Amino acid sequence: MQDWPVRIGYFLINLTIVGLYGMLLSGIVARTLAKVQGRIGIPVYQPFIDLLKNLGKRTAVSHGAMFYLGPVFRLAGGIGTLAFVPVLYGSEMFSNFNSAGDLLLAMYFMFFGQLGMAIGAGESGHPFSAIGVARGLGQMTAYEVPFALAIIAIVVQYGSLSINDIVAAQQGGILNWTLFTNPLAVIAAMIAFLGMTGYSPFDVTMAPNEIPIGPPTEYHSSYLAMMTMNRAVFAGAKLILFMDLFFGGATNLVELVIKTWAIYMVAVVVGAAFPRFRVDQSIRFFLRYPTLIGIAAIGYTQAVLLP
Amino acid sequence: MFEPNPPVDLSSGKYLKLWQGPQHPGITGNMSLELTTCGDEVVDCKTHVGYLHRGFEKLMERRTFIQNFPIVCRIAVPEPTFNEYLYAAVVEELAGIQSPERAEWIRTLNLELMRLASYLMWLGGIGAAFGQSTVYQWTVTHRDYILDLFEEMTGARVYHMYIVPGGVRGRLPEGFEGRCHEVLNRVEKLLRDVEKVLFNNVVFKARTKGLGHIPREMVDPYGITGPNQRAAGFARDLRKDAPYLVYDQLEFDLITATESDTYARAWVRYQEMHQGIRMLRQCLDRMPKDGPFQARMPNVLHWQVPAGETYAKAECTRGEYGYYLVTDGSEYVRRVHVRGPSYTHAIALMEKLAVGTNIADIAGLMVSLHTYPPEIER
Amino acid sequence: MANPIELLQRFGKNFAISEIHEQKADLTFFKVPKEQAVRLLRELRDDAGYTHLAFLTNIDWIEKGIFTLTYMLHNYDARHSLGMHVDLERDNAEMQSIHGLWAQAATYQRELREMYGIRFPGSPRLDEDFCLEGWDQIPPMRKEFDTAAFSLERFYSREGRGTEDPREHMKGLLYPTHTDEPSSGGQ
Amino acid sequence: MDTQKYALGPLLNEGLSAEDRDLFSDARPVPYEPYPVAVVEKFVNWVRANSLWLLAFGTGCGAVELNPLMTARFDAYRMGVQMRPTPRQSSVFIIGGYASVKTLKRIIRSYEQMQGPKFVVCLGICPINGGMYWDSYNTVNKFDEYLPVDLYITGCMPRPEVLMAGVLELKKKIMEGRADGANRYVENFDWYKANQKRVIKDWNMPDYNW
Amino acid sequence: MSLKDLISPFYVWQRAFEKPYTQKRPIEDRPGAPRYRGFHMNSEDCIGCGTCETICQNHAIDMVPVEGLEQRSGDSGLRPRFDYGRCCWCALCVDICTTRSLRMSNHYAWITEDPDAFHFTAGTDAMPWNQNSLGYRRDDDYHLLVHERIDMQALGAEESVAGFDEVMKGYTEEQAVLEADRCVECGICVATCPAHMAIPDYIRAVRQRDYEAGLRLLYETNPFSSTCGRICTHRCETVCVMGYQGDPIAIRWLKRAIVDRVPAERYREILGDEVVENGRKVGVIGAGPGGMSAAYYLRRQGYAVTVYESQARAGGMLRYGVPSYRLPDDQLDKDLEYIRSLGVEVKFNTHIGRDVPFRQLIEDYDALFLAVGLNQPSALRIQGEEHPRVLSGLQVLDDVASGRDPGVGSKVAVIGGGNVAMDAARVSRRLGADVTVLYRRRIEDMPADPEEIHESQAEGCKLVQQAIPVEIKNAASTSQVTIVWGEAEMIADDKGGRPRPVLQEDRMHEETYDCIIAAIGQGGQLDFIPAEYRDRIEFKWNKFVPGEYQQTGLPKLFVGGDIANSRADAISAIEDGHHAARGIHRFLTGTLDG
């Protein structure tokens, strides 16, 4: 165990890498979706320019302290999630602050960001933000159910709350991945993942057509930039978390990139194909099949894997 | 038959007033809906129009008959040609001019191409309204291919100003038929793709089936026409019932449905696009290749149309589009009234249908009625 | 289905129908007094199959001092339209509302209220703004309202324009002295 | 035009009722000063030029050609253009042709809610000199009297190709630092406001929609 | 929820493996279609008629003067200036363009930051699209104007040579309205008309069937409307914008259409001519169109006018030079009688210089208008022209008009290509002669009206072009005469003037006729003006060179008509008279000094 300053330094490096990677990924995905739409699409570096542009916006209207804190909380949530997710297995530098119960912390931070955002957006006084928040929270609560069930299943399976331990248990061959050892949990988690990424059909929270962009309606300039950064970091953290939990983690950066990209593409592939659900439909959806699968996963784990 | 929506007590705190539009991407065109919501449910809806009001009917009263010809197409932006045709039709009727047969064929071709282009835009719109923007990208692109044809035929992409009282403005360009066939083939292929992606889509079906049901008995008291009416099971189409131009010589099927919900309306329109392609192919093959395309006209600079009044209507993509023209024998129009189908679809009907739906469905509902605000306020 | 002329004659027993004019095979216009109009509309709708109200609009005959409302009805089965004219006094024009017969009529009446100033007591949202907002002039569709002059006065036109009449220009250029016509009989 | 005017006291918000007046800000907008370091300003201008977010507000018929522009055929996304549904996040306001008085009010509202630097591009003939509706009682003729305009694209309708050329032109202007419409608006705020109020007769919103 | 509905949407990904729809370089690679209605272009054919401005419903076109434009006849010197803050590219201006000079390019991009910049004058301003070859043009089979003239009923060639009945029957009311309807009311013709008549206005009056208003408009500038409606040289029609793509408006016949529908008795009432005597006297020499026109306008101002005429009847060349099948006597009398009815006194058979000395006139009257016309036939200037069988065209016409038999015989040669030559030929035809016309240049060079040439040919006159008379000889019979003429070649003039006929010595012809009618022009006779006055008056080739308002160096003397202008037609004489009347009024009221 090294000194804290060094670990913090390492973490900052991680944060930068993951953030940049998240931004790049959003550019790549936009281009991929553009291809589906028969277009050329944005340059992959466009998200960076947009980010800088938003930082460079000059006026900023504030709706009070909570409004201002919303993106901060959100970014904190993203960073917090990442902080407890080991990026590369077996690498000192990329292990972040992992400890015995880091899975719980990571999950906590995933909620934290959303909630902080909800308060902030609610403060903006814009009805569309409020509706977006209501929808977002509703949908989040719904997809958290299968996700939590899947997590419970693998926690039970591996008998640990440490992500590092879970990754460690999956080493030594592709068949050791949770994907193959506990497919039901992975299916439940991956469906929840669709909800988390906010691609169709679960993008009603931020739908431009139904409610102009939802919670971030009022956010602009550096607030928006902060949220964009969070999206990048958060997406990266989530992907790494999923990779760690279900796809055997990564031992080097190349593996990391390939695996996270592949996981992300699941959401993109589904997203391009479907229109979006209404929020009541998506809640109903999450509480139906994925939840059942999640429960089945726990049962399967208990009944098949543990004995 | 007007039944006001039940009153809402805003002071109770249960409700939220929500304005959709005019600056709102979920609104067709530039209009706004004043929604009263309770949770996610809409309990009252009031439409507000007039953001595009230019006073066409007033402007037309101070322009000569030929000067009105460029202005009418501006009334409905995505579908200007029907205005041109109907204006020409009413003026010709009162002036006693018969446009030549070749012009009638070219007009039909023009109108059906426009219908196809307009439906393509709409198809993308309904995709986008429910979150499938890929379809929107595809269809708008294919609409652009049709606009290329228009550009070639008429000299402009959007405001063609091609159907002039007395005939049309020019012959079809060399080789137009071939290029038109090519575009039709591409559009047909696209439509098959869209069917796979949009109509056979579980999420799309979940969103649209049962949404915005129009009861059969509501159709006449609300003046509902066009595909909205046909989706409710009425086999009524002006192209069949009162054939104008050369529609009596074309073979096409009347598409109806019975469910009368958003999906049924979308499906009827989708099928009509196929019928449109069928008609266009017939037009291209059977159209006379020579002969005059303009009737003998007086000097248009001081063209006086005899006093009289008439009403001409045509089946546009939304329903019955009509021009009511009153003349008094002078060089100017006495009164023009433009009857756009959106007038009732977007106001009386929309206000009725919105009640009880989810806020998220308002945009899709509106698209499914296929409304163009500019023809409401003119 | 009786032919429209016969139909109108049949209704003519109870209503003062006049000025029947058959514009074309599927369109007939006629006129009816204001008091009988709504009752006739109801009977046409319920008994004669004219179930579709295509539009309701108004013609301003300023020189005669009247407004002429046109109700365009359509019978889907007979494939025939009837245009019903109703004359109103131009000043203080008022007409019974038909929003109870056709829902969309309420919108037409709102429009007529705004554009011509015709009142339709009882029609919903009648006095709300329809197309205009903050309008402070006489209703714009009335013939006495000059939209070009109003536009020039309120919205201005861009500077830098100016045209010349070819005839006057050539006169000034080529034969300026041929233009001064002394007044007849003058000294 | 007096450039000092914008420094004058708070806005009166006379259009609002007394109780509503408390709910709205009465602060005057302020002009933006460029970054003190020229290179930074230049870089930021480059960034701004390459990330143009359009406000999704189809104010007139010009909006119809924005559909092809933003779809596969012309694909303006590759130029860094995208549509934003909320004024807060947009930087370019495309006036799609004629502005009726009723829409003008919403345009002003949306424009003021946009965060600077912001740019206005007018499409078509109508905002230039009234266009087809030069004699209409409900459309304004000279749009530049009501909001500062950075670029005009003539045509009816301007084709998507011209819109793209317009975007390039706007980029050039921004990179050269000449797209200062928002500052002109602030500096001549009283003049613009007076013009706006002259045509919008029911002014029931704050004088500046923060 | 069927499985198909779940799987089928993934079909969307197929597109990702196909070529994108996107145009790589749309700005460069997509020019407007060949028929695209882009920005306006204007060619040199534009004459600035302003019809484009008239039809533009957006008031997007201004007609503006353009610097450095060459002044041409029938060209207003204005050019359309477009306001691209107004134009909607409907191309009605292109469709209506009378000369088809206005077109559209397929160029469509114009982006600036200055809203005041969207103006340009098409054709003369240097615009980037001026060289574009593609763009909207009007289709040949698509018209917004009526290009064919409405035909007028006329006597057939055989009927017309049978007598002296009027050939052209005049428009019926319907025909006149239809013909008037073709007019675009640009007003280009007004400048070309020597009298600057309000042509578009009276054509509109015809269209509106308001003949009283029409008559008032006619009499504002021309008291010989009935006459001019028949025999005017209609210079207006040569510049009529409708002539560029079809037939010019029959302006002359529309004028006739008005006067034909107003009986002479109602003239006074319609025109409202009330004479208030002002106590001043003006003398007029010559009762031709010039003199009588001056008399009319002076009389309207209240002057006491006395006209001195050498012949027995008024009308001058209109009476004695124009045969009655073109201008029936009663129609000329209709005009003249109205002028006389206002109180104009005409002294017939009075020769100035012989019966009344010129000096007396100049002293007696407050002002004098002189319009004696050209009544001396020009000499052929070839050998043998004093032969008794060589007649002058004027003499022949005079004889016929006065009811005398000119005795032309049965085989006639006419020398000349002017209206007098044509009239002499056609009169001879009517007298039963076989007529040959010899003209030095080509038929298209003939100064006569095209109608006259056409009708004379239709009536059987043989037109020989490029024929130069060389000598006149005695024939075998004394009642006959022989002419020798040579063929000519048209040689282009080095200095850019019109081609010159050059006699070809080797191609000579000799022919014998019953008579030869020489009609190669007329000259004036001004011997009656005493030398003391002549010194103060400017002459050129025995013609007056009047100053402003037709005034001469002798302040009291105003001149006009054929003797004072080079055009030598009725309408010019009428305008001279009118203009002199203006001048005299100014002179006598002190706003024009001597």
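The chains carry the letters A, B, C, D and E, assigned in the order they are written, with residues numbered from 1 in each.
Here is the rule we go by: a contact is a pair of C-beta atoms (placed from the backbone, for glycine too) under 8 Å apart; a residue touches a chain by one contact, two chains touch by 3 or more.
Values in this document were obtained by computation on a predicted structure and should not be read as measured data.
Of all chains, the one whose mean C-alpha position sits at the greatest distance from that of subunit C is A. Distances from each chain's CA mean to the overall CA mean are smallest for chain B.
Set against the Cα centre of subunit B, the chain with the most distant centre is E.
For the pairs A-E and B-E, the larger set of C-beta contacts lies at B-E. Centre-to-centre separation of subunit B and subunit C, using mean CA positions: 24 Å.
Subunit A and subunit C have Cα centroids lying 62 Å from one another. Here the CA centre of subunit B is 31 Å from the CA centre of subunit D. Multi-chain contact residues, meaning those touching two or more other chains, occur in subunit A at positions 34, 36-40, 208, 212, 272-274. In subunit C, the residues that reach two or more other chains under the touch definition are 131-133, 140, 145, 147-148, 158.
Across the assembly, subunit E contributes residues 9, 11-12, 15, 20-22, 57, 83, 85, 88-89, 115 that each touch 2 or more other chains.
Inter-chain contacts occur between A-B, A-D, A-E, B-C, B-D, B-E, C-D, C-E, D-E. Residues 131-137, 140, 145, 147-148, 150-152, 154-158 of subunit C are the ones touching subunit D in the complex. Across the interface of their complex, subunit B is touched by residues 33, 36-39, 127-128, 130-131, 134-135, 200-201, 203-204, 207-212, 272-281 of subunit A. Those residues of subunit E that touch subunit C in the shared complex are 48-50, 53, 61-65, 76-78, 81, 83, 85, 115-116, 119, 186-188, 190-191, 196, 200, 220, 273-276, 278, 300-302, 548-549, 575, 579, 582, 585-586, 589. On the side of subunit B, the complex with subunit E involves touching residues 63-64, 66-71, 134, 138, 141, 148, 151-156, 159, 161, 167, 169-171, 173, 193, 196-198, 200-203, 205-206, 292-294, 297-302. In the complex of the two chains, the subunit B residues touching subunit A come out as 16-18, 24-26, 40, 127-134, 137-138, 141, 197-198, 201-204, 206-207, 358-363.
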